[in-house]
Structures are given as structure tokens and as C-alpha cells.
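First comes the structure, then the notes that go with it.
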Amino acid sequence: MVIVMAADATPSDIQAIVSLVESTGGEAFVSRGVSRVIIGLVGDIDRFDTLNLRGMRGVGNVTRISVKYKLVSREHHPDRSVVQVGGVPIGPGTVTLIAGPCAVETPQQTLQAAEMAKAAGATLLRGGAYKPRTSPYAFQGLGEAGLRILADVREQTGLPVVTEVVDAHDVDLVASYADMLQVGTRNAQNFALLQAVGAAGKPVMLKRGMNATIEEWLMAAEYIAQRGNLDIVLCERGIRTFETATRNTLDISAVPVAQRLSHLPVIVDPSHSGGRRDLVLPLSRAAIVAGADGVIIDVHPQPEIALCDGPQALVAEDLQELAHAIERLARFMDRRLPAQRELLAG
Amino acid sequence: MVIVMAADATPSDIQAIVSLVESTGGEAFVSRGVSRVIIGLVGDIDRFDTLNLRGMRGVGNVTRISVKYKLVSREHHPDRSVVQVGGVPIGPGTVTLIAGPCAVETPQQTLQAAEMAKAAGATLLRGGAYKPRTSPYAFQGLGEAGLRILADVREQTGLPVVTEVVDAHDVDLVASYADMLQVGTRNAQNFALLQAVGAAGKPVMLKRGMNATIEEWLMAAEYIAQRGNLDIVLCERGIRTFETATRNTLDISAVPVAQRLSHLPVIVDPSHSGGRRDLVLPLSRAAIVAGADGVIIDVHPQPEIALCDGPQALVAEDLQELAHAIERLARFMDRRLPAQRELLAG
Amino acid sequence: MVIVMAADATPSDIQAIVSLVESTGGEAFVSRGVSRVIIGLVGDIDRFDTLNLRGMRGVGNVTRISVKYKLVSREHHPDRSVVQVGGVPIGPGTVTLIAGPCAVETPQQTLQAAEMAKAAGATLLRGGAYKPRTSPYAFQGLGEAGLRILADVREQTGLPVVTEVVDAHDVDLVASYADMLQVGTRNAQNFALLQAVGAAGKPVMLKRGMNATIEEWLMAAEYIAQRGNLDIVLCERGIRTFETATRNTLDISAVPVAQRLSHLPVIVDPSHSGGRRDLVLPLSRAAIVAGADGVIIDVHPQPEIALCDGPQALVAEDLQELAHAIERLARFMDRRLPAQRELLAG
Amino acid sequence: MVIVMAADATPSDIQAIVSLVESTGGEAFVSRGVSRVIIGLVGDIDRFDTLNLRGMRGVGNVTRISVKYKLVSREHHPDRSVVQVGGVPIGPGTVTLIAGPCAVETPQQTLQAAEMAKAAGATLLRGGAYKPRTSPYAFQGLGEAGLRILADVREQTGLPVVTEVVDAHDVDLVASYADMLQVGTRNAQNFALLQAVGAAGKPVMLKRGMNATIEEWLMAAEYIAQRGNLDIVLCERGIRTFETATRNTLDISAVPVAQRLSHLPVIVDPSHSGGRRDLVLPLSRAAIVAGADGVIIDVHPQPEIALCDGPQALVAEDLQELAHAIERLARFMDRRLPAQRELLAG
């Protein structure tokens, strides 16, 4: 931590800081320039953070040098991690295709979507039983009935299931059905939920908050990691900007930036970031060659009657084209698609 | 709801929409222009919203005309509401000063802050026992011990208590201590929490999400209202923009805009929006004359050792100056400050 | 300037920086902490800025401490400035009301608008002869014919004229008619134009770029000041954010923030920031008590047929109400409205 | 154009609109629903736009259906265009690599950078002689001396030259040296400049304003096209958002979105959007497979002493790796790199 004193800081202002830092067991190095004094702090940075140094007399500027997330940082964990979800790897070496309906509506619709996904080479099934919706009048999901449908479809197709949990209260229930818990963009700073999924013993897919900086996203992951769970996959899904042509703005740079800062796998959701079917294919291609460890795609057998986000859902032929592109681009990136597991029922 | 068909829409595309709308009990009025066809829909708008009309062949554009929130809308409730909190009104006619520490740290610090607030004319005490913090390593609040401190300080000062709840699970506990429940900016789309506070039987202060449009903020309020609780106070606290000179950008226009759209009271948090002590006074003045029904202010007896947001906390003399300005500007706006209640202990 | 070296910086990396800084006549102070080295630079900061220190081996982070604008900074010019426009002061002590039509359309419309402005107490007339329009098919202004109309109306009403210039080429022409040159939001980083108005010998109103940080706005002002012109008035007119309920988001905090950083007067344009007539009055009130040195308001005798921005123009009765509020709030702020000058023609 | 009347609009409000529209030669179709009336307008849309319909009594909402740009729209020009620059094509079928120094500093630095570019397969040379810089104290470019250097280097390498013009005044001078004129992000709404380059008889590269929506970007292109010049290449270079990890946020979706709306070629500038050398390669790859018609890259023989944007410049080996990736991904997209022209001097 570095403190730049104001031009009019007095010697006693400086001494006050040195004393305060030393009283907490830290060391303070004072450098005097022509017009300013700079104080470097060494010791327990999180302790320093609680001192409110910015509020002290004579302080101009305080810069924290070390990262605010440790467990998910690459600093002490240089190798990028692989997260296993029901036997399917996500991480360096592979490009994982996750596909399924935005919302679980009926057993038949879910099974059809899963079969579309599987036929195209997907190795994980997505599908929402609990849907956080901006409008209280929109379809909110089937709840536990939806979880049961997902479990049945997993049985029939062999695809492990990724599904969202929106309330800390429901984490154990959802975890009892799901292979991976998803935390959505609206809950990216719901810290009670982050802590609960951290303790649930299942891998977690953490979507970036639509207004979260990359640093805040990693701090959200740190909340999960602190509970002992490092099986976290980060998912870039677009941020909120002034542009209205797309639902959100896919921050493609976030993929290499987050991978450089954190050892966690990073995947991309091109369906929700663009919000338009015609963008899913180009954005998925871009994601793979930007280095994403996978993509998560909305599919629906009949998008025109979907209860949620129909305008962005792919149909079967789109998905085949997408899967074909992903396979070729994965090879270009020296990666491979994970193999589909044997049917559980088989 | 109005559908503008694409230039190349066919008669059968149009017929398909008319049939679909009629099959749900609605009416569709077709207007033919020279180059485009327009279809107006009349009936149950929320039902139409589920139809995924945008995904149908030949559809160019779908515009929803009616608002997406009903209970909090001013459309059918033209008079602006007054919300009572422990006998203190918030709404047209008054300007309510809410003050207190960002976080409850100790009984003494909380009592001192409350006495500062009371001496300056505040009629409600704010203070956080549960703190949602971006960093998992930051002080997270005292929890129930903090709630007990708040209750004791209420006993000693007579000031009703506003305090944040961050987890749906804790709503009943917090409601058993608090006079008003606060939902913070990071939970503005935590729908489980919104529903829980809606059912808790206490007034709610709903902070605007830092990335929420005004419309989304009102839909969040609608989640609370749907559970039967219309004692909601909206709190503008700054939105996230590209500007870094302030912590967030106070959207002062949101006060008159939200008051025009909704009957709910709207207050302003100048402490968290600016994040700087020197901005609290000018932003508070601006809030009052923009029409705000109150302001909520961070105070601390010793900001330099505050465990949370010290740089923005006012000290006693600042608060006196603020209170004096508010009183004069309230008169300018033909409003008054509510009277402080008699000491409960008295 | 402070350089924080990366954790893996080598002694020769550090030496390379010290040598480079010293070779340019600067001094480098090296502080060694436990895990990092910090180097403080003293000397010609702008020279250091050209060194590309961030690009050198072993550099983690470079922080510039001193401001990037000198002439407009308050650091060496602590007293806030007053800018005189045709005898009308803008600055501390006064609240200046500038009003007039967004665009000059006809002599009659301009005169009527000016008379409305004058009757309400305005002391400066605004009006655009050159209009920068997002659409090439929108009305682009009358050009020099518009300038002549403005000069005639000044003759008839005695109100000095503020008008926009959009091309460096036209600066001398516009300056020959105008009392104050306006640089619009879309030209806030048109450096050729900034330099030209800096050399034109007339006061300048510099609108904030709708995507400019406050620091960038002050650097734009520095471009003008560098040419010897310090008669600059800053005008906050809203920034671009995700919110769509208003045309732009008025950044009310920018008023006190810019006044603290710069000695230049700061006014507010509530008409263009909100883009809605119903917001002009509350935003103007907010501007005054946030400390603005004036407001600039669109008025039109018949907004419904205005060629530009009709939806935000005030009519006569609105303007009277506004002027009355400004007068009372100016008194609250210990300021006064400047007196209207005698009619030039009188 | 569609007008949705307010719920309380009267028959005379409706009649007033119909009369106004008919008086301008248009037609108005009135549709009555249960709670609202909708009026569809047919005729000269730009004429309607001047009518200020939003300002009329009883009007709730006005939606413009047709695009605000005609000449650059794909609506009447479905085939995507190819723009020729000194014999080098930019458009569908090819992926064009443009490279060179951000700023022209010396003849030697420019020649070395051009040779690096050429060796890697670039077919156009970029380089700035006029640099728009946020700080007035930053290097502003060599001006005409820089143009002469560029012309000499073109002579030596055979690479046609793309260079920025920042002042309408300089357009003829710059056009006498350049093969393509660049309009930078800060001038994206400098309409005088747009019109001047539109009349200069040279192809234009139009960078997206960092705060411009895609629609506004296309309207800026329309300004150029209106002067008879359709040889326009759009360049996405990142938009301003709240994220600070990158200089700007590359809006990768803008590539397919702009290509769907406009027939003009769209290229990407990964150097300026990310502002970091380590992002140039992944963002370039993403650009190609998102469908970009080319990329424009900063290179420098010695980035650590660059006078402008050194942190993002590639060195020779980076550029080779980039060129190799582009070639392979171009093939994946069924495109090819244009051949380098014979040396002009040869």
C-alpha cells in the first residue's frame, strides 16, 4: 500500500500515519521528494484497509498494490485450473459446449432441447428452474418441479445439469439435483448466496454482474472460495453500457483479462449478452479464439413460444452450425471438445 | 402493445399474429400503411408479453405502451403516498432527515452518532448491522449484536431505526428489531429478498440498483408491493457511470422522474453517491429542491477510525450546517421537517 | 509520479528506470518494501509522461500525482474567477440566467424568445446559428444569417449573445457577432476548435463532452487557456449513461467537484441534460444550490413548431416561475442576479 | 412513424395531428383500441421529424420506424461494399491487415515500423502526423513533416498510407499525401470535418465515437456519404464503459450488428480498444471470426520510447504471430488476405 501525502501535509500528519501503522504491527517507509512525501506500508494489507487512511489529515492518495482476492488470484497459483462437472472438464485444453433451454417449461420441451444440445456435441445441459426476472409479472420458473424435470432429462441423456439458484435458502435443495450451481448476473453481489454456494459442495458457475468490474467479479468469486470451494467457473455475459442495439455489451476482453488475473476457467454466454439469435454464432466464435474455456448457449425446440428469452434461443440447425464452428476453432486454439459421457441410463 | 411489421411481412405473417392474439382472448387491430403494417393489441398485456411476438416471422418491432409496474405506478393512484416509520412521516409535505453511522461498530459509537443526528434534527436513525461488502475481507457488520445495539440506542434517543437486511433468511429477525427495513443497491434485483421484505409487515427503503434504470427500480418495488406491502420508500443513491471523480454518479433527475411515474416517496443518499464528505452538503441541498422527500446521511463521531465508508461520514458541525440548510430549503419547497418524537424512555 | 515495481522486478530493471529518469534531469527515490520496490520521481512531470515508463521491464503501476491541467487548476490560483460577458459577470457572487432559443429560426421567433428571456430576468441571450446535429437530415442552423438575427436582437433587447461555433474555420466570423463563443458537447475534444476559440479574444463557454470525465473536461479547457484565453465558463450538460428516461444524466456532483479543482465558473444546462420540459425547473433549482454560477435555458415562443429540441423548451410562464425560484435560491446561496444592462439602443 | 396517443388524448388532439400531417403532404391512419389511439404516418419521414410531434398535446409516444441513414443503409443496398484503398480491397472476401506506428516520430522509426508491417503481410500502412491528444501537453504530431515522411515510406515500401485528419481545414493537405483519410473517435461528431472528408475524393476510415451508439456511428457515416463519398470503412475501436481494466471496451458485437445495418466494410482496432499489448492478439482473432473485414494494429520498433501509446504497440515477433493467426482465421471465414502490391519504386 502506498500513501501519497498532500502537498500541505505536516510532519505531524506524517508521524500520525507512521504511528498508526506501527501500532497495528506494520512497517511504514517514508520517502521525501521535493514537493511531496510518499509512505510505503508493509504488513497485513487487509488490516491496513480497515484503518481509513484516506480519512486522515494530510493524506492525498492511497493506492493498494496487492490484489483484493487471493484464493482465486493467479499470483500464488500460476497454473490455470480445470473444474470437473459430473466428469466433464472445463478449463485449459478443452472447449466445453453447454446448451439447453433458458427456462425449464415442460418435460418434453426440456428433453427436446437436451437432445438438440447432445446431438450437436454439448456435454453439459443448462436449464433454469428458478428464474430471476426483472418484472414480477414474468414467468418465474417451475421451482422444484423444474429440478425434477432436469434430473429426469439427465437420466435420459447422460448430460450433467447446470442450473441457477437465486436464494441462499434453496441452495441445498438445488444442489441435491444439480451437477453445477449457477449464480446469475443479478445476484453477483448477493453475498449470502455466494457464501451458501461456497459451502454446498458442488461446482459453481459465477456470472459476471452486468455492472461489475472484472476486479469486483473476482472478489465475488473470492466469497465462494473462502468457504472452501475452488471449483468455480467464471462466465462473462455482457455488461451494461449506453448501447441499445444489443441487450448488453459482451466484454470480450474480459476473457483474456480475467484469465491473466485468476486461475479459474472463464466461459462466455453469447445468448444473454447479445440477446439476439443472429449474434450467437459470431459471438461464440469470437469467444473461443479470445481464449474462452467454453460457451453456454440457449436452445429451444420452438423459440416463438418460449416462456423466457425466446428471441435469443437457437434452433437445431443453428446449433449444429455453431458446434461445427466451435470444433474447428477449438483445434485452432490447440484444444479439444470433451467427449460426451456414456448414457447414465445405458 | 403495438407491433410494427417488417417491410417484407406477408399476409400470412400478419394473420398468424392476429390468430395468436385472439387465441389468448385479446384483440388485434390491423392498420395498413403504404410500406408497413401496424398491429395494435388490446387485452391482457402481461399475457401478450409471454407470447414472444418479437420472435414471430415478419415482426419488425414490438412496443409495449403500458407500464410494467401497476401497484406502485401513479397511473391509478395519482396522489403521492406518505409512508409512516415509527410515527415519522416520509412523503409530500415533509422533508425527513435520516442520519446515523454507516455501520454499527460499538454501543458507544452508535449512541454518539445517534445523539449527533438527533441534535441536528434527524427523526430517524440509520445504521447497518449487516453490511454487504464488495471484498470478503472487509468488515461485514456485527449481525444480531448490532441489531441489539440499535434497539438500545432507539430506547435511549427515541429515534426509530432503519437498518439493512441482506438475506431473505434474516428478514424476520431484522424486522423484529427494526422500524424500517433497507434493501441495498447490490440487492436491488435479489427477488427472493424483495419478496421476503414485502411480507415482513414493516416499511421498506429500497435503494436503486447502481445499474438499474428507473423502470427497473420501480419493477423491483413492484415485487415488494405484490406481497401486500405498499409502505415503500425509494432511495436514489447514485448510478455507475464512467466518471471516477465520485464513487457513483448521483442521478438527481431520478427524483422528479420517479415521483412522476410512481406515488411512492423518493429520498436521496448523498453520502454513498458521492462517497466524499465535501459533497454531502451540496448534494443534499440539490436533493431537497429537486423535490426529494428526505435525505439519508452517514455520520460518525470519529470518521478516521470508521470501519466502513469513513471518508464520506459527516461529523457533528457538518451535520448542524446540513440540518440548517435542509430546514430553510424545506420551507422554500413548502414543506416542513417532521417533529422529533418524545423520548420512548421519557 | 510514483512507480510501483512488479513483484518480480530485478535490480537492473530498477536501475534502468533510475538512469532514464536521471538522464532527463529528474530525480528518482527508491524505497524498498518487503515484497515490492517503489520509485518516486521528482522533476518535470510532463517530460516523464513522454518516457513510456509503463512500457519498461519490471514496472507494475505508474501513478501521476500532479494534475494534468495547470492554467485552469485551482492549485496555483485559489480564488475562483469571474468571467465578464458583454458586461455581465459569471462567477462567485452571482447567479447568471442565460436563456434563448435552441436554434435561431426567424427574426420574429428569436426576438420573442429574447423578450421572454429578458422579461424573466435573463442577462444573456443564447441562440444557435450553427447546429451540430446527429442526423445529417436535421435542421443545421441558418449560419451567418442567424448570426445577423442575433446581432439585431441584441440591438433591440440589450442582451449580449452566446452562440455556438462548430468549425475552427468559422471562429473569426462567429466572434465578430458574438459576445461569447460556445463549444458544444460533440466538439469537446475537437482540439483544433478549442485552440481557435482560445485565440479569438472572446469569452468561451465550454460544454462538457457527454463522455468526458471531469479531468478530461478540464484538459479541454486547458487547450483554450494555453492560447492565452482564461475567460472560460464550464457548462455541465449531462453525461451519457445507461439510463434512458432522460436524454442524458445530469451529473450534479460535477458542479462542486469542478469548482474545487478549477478556478473557472461552472454553470448548468438543465434543458439539454434532461431533454424534458418538466425537468427544467427542478434541475435548475438543484443546480443553483449545488453551487452553479448560472444556468442556461432553452425557451421558445411556440415549442411545438420548434426546429430543434422543442420538447425541452420552456414557454413564458414556465420561465417566470424558473426566474422567481432562481432569485430566491440565489439569495439562499448569498448570491445575487446580475442587473440587466441598459438597452443598447436606448 | 407511429404515434401512440396518451390515455387522456381528446378527439381534437387527434384531429390536430391528422391535420398537421396532411398539411405537409403526408397521410395519417388512425386506429382506435380500447384504451388508446394509434396514428400511423406515411409520407416524407424527415419532414415529419421536423414537426415536433412529441411536443403536441395528447401525444404519448412517437416511434420512428425507418432508419435515419439511407445512403449507408443496407436496406436499399443489400450487397456489402468493397472499398479500394490504393489498390487494396477492404470488404467481404478479404481480411485486410493495416499496421504501422501510432504516431510518425522520425523517418527511421516510421520506415522500420512499415517494414515490420510489410514483413508480416500488412497491405496498408497506418501512421499519425496529426494526433488528437486529451492533454494539451502531450505530443501532438509532426504535422506536414509527418505526412512527407509517410509519403517517403510509401515510396520505399509500396504500402498505401492511412492517416488521420483532425481539422476540416487540413483535409485537402492531408488528402494530397494520403491514400485514405482517418477520422478519429474524438471527431466522430465533428460534422464540419465529416463533410470535408466527404468532399475530398479519398476513401475514409471512420472510427466509432467512444460514446456513439451504432446508430449514431452510421449517421456520422451518412454525413460523409451525403457529400458523394461512399468509400467509407467503419472502424470499431472500443466504447467508454465503467470498466477500467482496459482503456475502452471493445464492442465486438458491433461488427455483425453494423454489417447487418450497413453495406459498408467494418474493421476493428484492437490496439486502441484494449490499450494493452497482451490483448492485441486475442482481440484481433476475435475480430476476424466475428466477421471483421480487417484489423488495424499499432506497431513500433521500440515501444518503450514511443511518443504515443507505446504500451499497446506490437513489436516484430508479436506481429508475425498475429499475421499468422489472421491468415489461418481468414481461411476459416472463407476469406483471403489481399496480396501486397508491387513496390511503387520497383
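Things to note:
For clarity, chains are labelled A, B, C and D in written order, and residue numbers in each chain start from 1.
Assume a contact is a pair of C-beta atoms (placed from the backbone, for glycine too) under 8 Å apart; a residue touches a chain by one contact, two chains touch by 3 or more.
Treat the numbers as computed from the prediction; the structure is a model and nothing was measured.
The chains touching chain B as well as chain D are A, C.
Residue contact pairs shared with A-D exceed half only for one pair among B-C, A-B or B-D, and that pair is B-C.
Centre-to-centre separation between chain C and chain D, using Cα means, comes to 27 Å. Rounded to a whole number, the gap between the C-alpha centres of chain A and chain C is 40 angstrom.
Rounded to whole angstrom units, the spacing between the C-alpha centres of chain B and chain C is 32. Residues of chain A found to touch two or more other chains are 211, 240-242, 244. Chain C meets chain A in the complex at residues 2, 4, 7, 27, 29, 31-36, 38, 40-42, 60-61, 63, 65, 240-242, 244. For chain B in complex with chain C, the touching residues are 211, 213-215, 239, 241-246, 249-257, 260, 273-274, 278-279, 282-283, 285-291, 328-329, 332.
If you check the complex, the residues on chain D that touch chain C are 46, 49-52, 54-56, 68, 132-140, 166-169, 186-187, 189-193, 209-211, 216, 219, 222-223, 226, 240, 303-307, 310-311.
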